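Next up is a structure, given as structure tokens.
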Amino acid sequence: MREPSVALVPAPGLRRIAGLSRPALVLLVLAALALISIACFMTLGARGSWSFIIPFRGRKLLALCLVAYSVAISTVLFQTVTNNRILTPSIMGFDALYILLTTATVFFLGAGALTGIDPQVQFGIEVVVMVVFSGLLFRWLFVGEERSLTLLVLVGIVFGILFRSLSQFMQRMLDPNAFQVLQDSFFASFATVDTSLLVVATVIVVLASLIMLRLAHTLDVLGLGRAHAINLGIDYRRTVVTILMLVSVLVAVSTALVGPITFFGLLVATLAHSLVGTSRHRYVLPAAALLAITCLVGGQTILERLFAFDTALSIIIEFLGGIVFITLILRRAAR
Amino acid sequence: MRLLILAILVTLVLALASLFIGVSDVSLAALLSTSAEDRPMQVLLISRVPRTLAIILSGSSMAVAGLVMQMIVRNRFVEPSTAGTTESASLGFLAATLFFPGWPLMGKMLIAAAFALAGTALFLRILRAVPLRDVMLVPLVGIMLGGIIGAVTSFIAYRFELLPSLLAWTMGDFSGILRGRYELLWIGLGCAVLAYIAADRFTVAGMGRDFTTNLGLNYQRVMVLGLVIVSLVSAVVLVTAGSIPFLGLIVPNLVSLLVGDNMRRTVPWVTVTGAGFVLACDIVGRIVRFPYEIPISVVVGVVGSAIFLYLLLRTRRHA
Amino acid sequence: MIVADGVTKSYGATCVVDGVTVTLPKGGITSIIGPNGAGKSTFLSMVSRLMSLDRGTVTVDGLDVTTTPSDVLARRLSILRQDNHMTARLTVRDLVSFGRYPYSKGRLTTGDKTHIDAAIGYLNLAELSERFLDELSGGQRQRAFVAMVLCQDTDYVLLDEPLNNLDLKHAVSMMQQLRRAARELGKTIVVVLHDINFASVYSDHIVCMADGRVAHEGPPDRIITSDVLTALYQTPVRVETIDGRRIGLYYE
């Protein structure tokens, strides 16, 4: 006798271990791994007083977790909405768009925007602009009638290059000495996290997550594809645009904190899907977020504390992610 | 034919204009009123003429390299920077700088060319391993392959603390060109001439292996020739001026819209348009922020990606 | 009753559906037949709001499909297209359960579960219900999708070439199940079919489309005639009556 109200799709009771279904088991293991990485990050190689270490490392940890969460969630949502497993927001130029907006702010409001306004307020404004702009752009790209996926990817990549080139162009138009300040934002570095934006970033991520929870029941349906989603009564255009706006907010957060990272999201989303074995978002979303935290926090701990590298993690992640991408494309093409 | 002459004239005018833009005074009057040993003439000979020549040579040879690549891959959306060639060349240049720091530029360039050849061959190998039904997948695989090679390159550069110099090479920029530092680019011109001579073969090879063999040509040999041309040009341009994205993509596509796809006819067009396009972009880069300069790769990046987007979305409407 | 009035769709200069005005009666099976490129699938997509209309209106029991909220329509009309490539990895049961989404919005009740079991049983999928879709053959997957649409329990069920990927046995049983659904459950079923003989034997009403227009419509015995079919497909078709059924022969 089952309970009268169960979640949308009953768990596939396939291979149960210790009374747990496979997705639940995967989530447990991932959560344990994430906790271990966090513990190692906070304690390994700690010298000096804990009253200094805890807030110092804690801020960095929070920033890394925010980035991991934002990248993982935004990628999974984006893949669901676009109904593919190859695209990620970064491949489609979302982060380049954020950099362009940041540059444009400095360009049009003068360098005072960098120093004069409170960075948290400035970031808030940039996020709002980003939401509006991406809302318009991606409404045009994704919501119309179905388009060739590969064409979209290519268009997205080229848009990314256009945004990046435009930002570089504007930066060159700035005071040649001042553009150095902005140029840092072109390179991803997990070692030098910008912690000045932590409060506003946390607030934004929490707000975005609340909106996502309200839409949570549509996600599995959207994953069936456009035709099925409409058939099942989803207000497709509105839901998709809302989710894409959430995605752009999350991308803005991660880009602002560490800079652009192209393939990280792809890496964790792909791994999460294959580990969990089902496409249901109540499992995939937390799995991707936990994986991302493990990779970032754990990877940073290993590289920083054991090998004394600092910016190399982003390069390693790009390399692995790039290989995953090619494998995915080739497998898809071979089918 | 008359149109082609017009295009050549426009390019010449751009080249002349390019000679007379810059911080120091190199006007015609200044040249005539001073002797050959004086500053204006020296600036002209040491800096301006080499720069303009470098632009013309790299613009035209990169455009031709793009055209050759599109012919042998049979895809209108590939060029050295969407096939891993440019990134492989910078990996090679980095390796040469690390292991043979004392070699002349020519030697390093040859190593870069060898890497470019290997990278492009790898790209073709991947394409052959999986039959790609979708034309858009080909440049996508190439861009991602380039991304992976680029990640390896930056990792090595990072380990040897060469990241800043790597960034300086890969950012295409003609402002450092002086007499004695651009002459390698003549090799690029040689390649373009070679491509013109072998044009018919590439057109035939573009029809496919079976078609080529049926006409009694050695398909493999034509492909290797094409690969060598593309790799040499990419390496030469990379080590002298840096990478200029999209050039090899946009120029041949625009020309094909204008005069069609017979390569014998398009090579002169592509050569002239490529030179004119880069000259125009360079002049823009020099004027907008005078007396500072905006690197050519940034200007071409903006203009080029905009044109590329137009080409992509235009095909969609046709499909 | 589905009423289409002046429905038009063009891509660039080519008009795919050109002012179609037709009434699809309530109840029974209505088949849409016609040569490739006649605009059948496009028409079905517009009726089911998957595509926008350039001109004209479509109403389903008086509800305009372009203005009625999507979730209201989802309880009246369901659509299954031919190409159901899916990136999501789901079991058959998962998929069929989605048919209840318009009612449950993600929280299944015991009533929903009865519908799911019934739909799975209806298409003989009980043994496959815990298998993942990507482990099934094309025909099994096709049946799973049909089960989902039936589970949606709408008055109108629109199917675009449901016999694709099905062998003879499964094609016949699919048409029998659809006819059962029409007769026993009182559903209105609209199918796009390629095989004129399936259309002839199982339909109550046939609509012929050619060049984006409705060429003929009527009961099978008026449509399945040598004259109509020969003109429609521009290929000689002879119609014979075998065991009281009108069968088109075109293998000359």
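Labels A, B and C are assigned to the chains in the order they are written; within every chain, residues are numbered from 1.
Basically, a residue touches a chain if its C-beta (ideal position, glycine included) is under 8 Å from a C-beta of that chain, and two chains touch if they have at least 3 such contacts.
Because the structure is predicted, anything quoted here is derived from the model rather than measured.
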item: Contact distance in steps, from chain A to chain B; value: 1
item: Furthest chain, CA centroid comparison against chain C; value: B
item: Identity of the most central chain, Cα criterion; value: A
item: Length of the line joining the C-alpha centres of chain A and chain B, rounded to whole Å; value: 35
item: Gap in Å, rounded to a whole number, between the CA centres of chain C and chain B; value: 54
item: Whole-Å gap between the CA centroids of chain A and chain C; value: 40
item: Residue ranges of chain A touching chain C (in the complex, touch as defined); value: 2, 4-10, 12-14, 79, 83-85, 145, 216-217, 220-221, 223-228, 230-236, 273, 277-280
item: Chain A partner contacts - residues on chain C that touch it in the complex; value: 48-52, 69-75, 78-81, 84-91, 93-95, 97-99, 101-102, 104-110, 113, 130, 132, 149, 152
item: Contact set on chain A toward chain B in their complex; value: 147-148, 150-151, 153-155, 157-159, 161-162, 164-166, 168-169, 172-173, 176, 262-263, 311-312, 315-316, 318-319, 322-323, 325-326, 329-330, 333-334
item: Residues on chain B engaged by chain A in the complex (per definition of touch); value: 77, 126, 129-134, 136-137, 139-141, 143-145, 147-148, 151-152, 154-155, 158, 245-246, 288-289, 292, 294-295, 298-299, 301-302, 305-306, 308-309, 312-313, 316, 319
